[in-house]
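Multiple structures follow.
One chain, chain A, appears in both complexes that follow, with chain B as partner in the first and chain C in the second.
== the complex of A and B ==
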């Protein structure tokens, strides 16, 4: 019984992390039609920022959390201003392709910059809470609980932001029909900047959380980024709630498969599910059947 | 009082081709002006150029006395309520969210609520549907939502692109009844329409658009008797 409990805890924890990574990725994908290949690198940056603040500079943990969020948001803003905006201005019709290649370049550059500064050896993430909660045979490490609670709170906050605030409504409007939003006075450039900064801030915190149960390394963000991409495809583009459901569902399945058949079967099974979903529903489980264009 | 809209020698187009060739027209304050012409002759391009979605190549656009030529759409927005062709609604938003998006530039929440009530009075069908997602509406309800969203901007001048497109005749009548009300309420309207008969009783002035140029202008009653009309629509 306690074994099943641990498998569920592991599944929900990775699910929460996948969901956070997916939320950030699909926010920008939906709003700009931009697949940000540097999303994983923003996660890595966030993890290392907290490490620098807490371990290297000896500052308190909350500052480390703040640093990971701010660094991620800044990276998102810089990527918009220096890469996405010029590409969008010059050739909007090929943007969806060029931005993938350009941000892939950004990802490689960032990963190697981190390798250069910190070296390839892994570090431990100092921002975490030790100890476990337990009752009967069931134990729940505090850090896993923290990850789940943080992820859920962040998702609720983003949902409220998108639904209730002017900036959030503008992001949704631009995502659904950019020209119509502009006709109503929404400056789409500023909305894109906002979406990328928001996505970067989420990525920064997500990277911090991921590194807290693994390790800091220059390729830290690669796996969550890949999983987030898979979740977006399974859920269908543009469906943020769908992405979150897919994240938890697939993470639980992955966790059970790893427990039952061994860790190496987790990823192949995940990919198998993706292939099945795409055969049965090419636009994803929650996707809209429509062509998106910028 | 300045004219709601004055266009001088406006040229615009896509790629190497000019679509509009030196268009000039004026919409006086509280005027109802219509541009008619067959499909593919530049009606939609005209409205898109006025709103800045298509860059003007030469000529001038003056809105209520202010030169808005070459401005970004989001800057022109406070002058024009552009109700685009095919509605371009925010399909995953509710009717009310669509309407509220119309007042995006308005910071005063009380004023937004007041406008919303006005829209619901003018278009009661939308009040019934306020919580419904735009994608679940019928064609006529979508058109009304598009018009309502335009009105929510509070802009005095309406640019309306083929409000009858794709609707059943009875619904087209309802849409035009709303436009007549708007005229009575003192809005200035530039409407583009394929069928001149629809605006016969409504428009103060009508312009015939043939291959990107205005070939005839005058009161609607006279247009129906002119040779130019047949030439434009049937060639010759």
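== the complex of A and C ==
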């Protein structure tokens, strides 16, 4: 019984992490139609920033958390200003593919810059809490609980932001129809910047959380990003609630498969499910069947 | 034959002549070896360019198809004792089959979805091979995995060039790779000019209009996917035969990145872009080798910067220079002023 319990705990924890990564990716896809291949590198950057602040500089933990968020957001803003804006301005019709290649390059450069600065050896993430909660043979490490709670809080915060605030409404307006939004006075450039910075900040926190249950290494963000891609595809790119449901569902399936058949089969089984879903519904489970004007 | 065709053909003949001249101009085995390696990259890059630059399919499974061809050739030789000469075409057909299956699964989607799904399939293949630890057979006291595991396969093929040509075997292998490259380029050029080629270029430029005129997007893209998978798999098999080894390293993201970088730097959607990109990047790689650890960082930056700064690559820059010069003088001044 407690074995099943720990499989569920592992599934929910990774699900929460995937959901955060997916949320960041979806936000940017929805607003800009941009697939950010550097999202994983922003995760890594967030994890290392907290490490630098807390372990290297000896500052308190909350500052470390803040640093991950700020660094991630700054990376997002820099990517928008240096890569996305010029590409979007020059040829909006090929933006969907050119931005993938360009951010792919940025991702490799960032990952290797981190490798050069910190070296390839893994570090422990200092920002975490110890101890476990237990009741009747069922244990729940505090860190896992923290991850789930943080993820849920962040998702609620983002949902509230998108629904209630001016900036959030602007992001949704631009996502629905950029030209109409611009005509009504929404500055689309600033909205894009906001969306990417927000996604970067989320990525930073997500990277911090991922590294707290694994280790800090330059390739830290690659696996969550690949999984987040899968979740996005299953849910339909840009569908935020769909992405969250898919993240938890698939993470639970993954951890059961890994427990039952061994760790190496987790990913291939996920992939098989994705391909099946796409054969039945090519735009994802929750994706809008978009009618594109040509 | 139009003027553009003649230019392409002229460049092709010049490139071939230059490639044939290389072993006569230098005795250095290192240089011949590097040019040979560059030709493999140029061949893979040209197929990615065919898919993305001409057909508009953004696939990230290029190295997976290359590795698939190499692995099939290696396994046919290793397990069935087949001659490598027979295994190479078989491997190419197997890769085409794999490509068609992959296309069936992915090409119903478009744009970013195709990229994500092909990337995921390629990564899954890489992870499954690297983490394979189950014993398939014992060789001596050593355990051998079915897929070769993290080590891969080695010493399975004999092209016969060492026996026939003795010390000049490298030049003989070089000739084989030049022939492969010539075949790949000629086949790509023919397919681009064929009705199929016109159809998939129309789909790339204006999918709505092309589909309204009765061009079946899924079918056309599936054909070109299978076609490029065949040539990519063949290149993989020749690669395995030449090096007499194949391992999961070819499937890694950094190799894929190197190939994409060649196309981006050379010129997306330009027939000779990948070759120019391969020359430039192999050269840059030689220079960056001095600063070993900065290699990947440099490559990443090269991709991002050239994507932003020169959308049509070096060939695009050359074309623009040519167009400027071709204009009458007054117009040129007007354009500059």
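We adopt the following convention: the second predicted complex is superposed on the first by the 290 of 294 C-alpha atoms of A that agree within 3 Å, B and C clash if a C-alpha of one lies under 4 Å from a C-alpha of the other, contacts with A are read in each partner's own complex, and residues count from 1 in each chain.
As a working rule, contacts are C-beta pairs under 8 Å (C-beta built on N, C-alpha and C of every residue); 3 or more make two chains touch, one makes a residue touch a chain.
All figures in this text were calculated on a predicted structure; none of them were measured in a lab.
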When chain B and chain C are modelled together on chain A, clash or fit: fit
Could you say whether A:91 touches chain B, chain C, both of them, or neither, answering first, second, both or neither? second
Of the two partner chains, chain B (first) and chain C (second), which one does A:166 touch, if any: first, second, both, or neither? first
Is A:179 contacted by the first partner chain B, the second partner chain C, both or neither? first
Is A:83 touching anything from chain B or chain C once the two structures are fitted on A? First, second, both or neither. second
With the two complexes overlaid on chain A, check the angle at chain A between chain B and chain C, Cα centres, nearest 10°. 90
May I ask you to name which of chain B and chain C touches more residues of chain A? C
Give, as a whole number of angstrom, the minimum Cα separation of chain B and chain C in the superposed three-chain arrangement. 15
Note which residues of chain C are touching chain A in the complex, please. 52, 56, 58, 105, 108-109, 111-113, 115-117, 119-121, 123-124, 127-128, 131-132, 206-209, 253-254, 257, 260-261, 264, 293-294, 296-297, 299-305, 307-308, 311
So in the complex, which bits of chain A are touching chain B? 166, 169-170, 172-173, 176-177, 179-188
Mind pulling up the chain A residues that touch chain C in the complex? 29, 35, 82-83, 86-87, 90-91, 94, 96-98, 100-113, 115-116, 226, 229-230, 232-233, 237, 263-264, 267-268, 271, 274-275, 278-279, 282, 292, 294
Of all residues in chain B, those that touch chain A in their complex: 51, 53, 72-74, 77-78, 82, 84, 88-93, 97, 100-102, 104-105, 149, 153
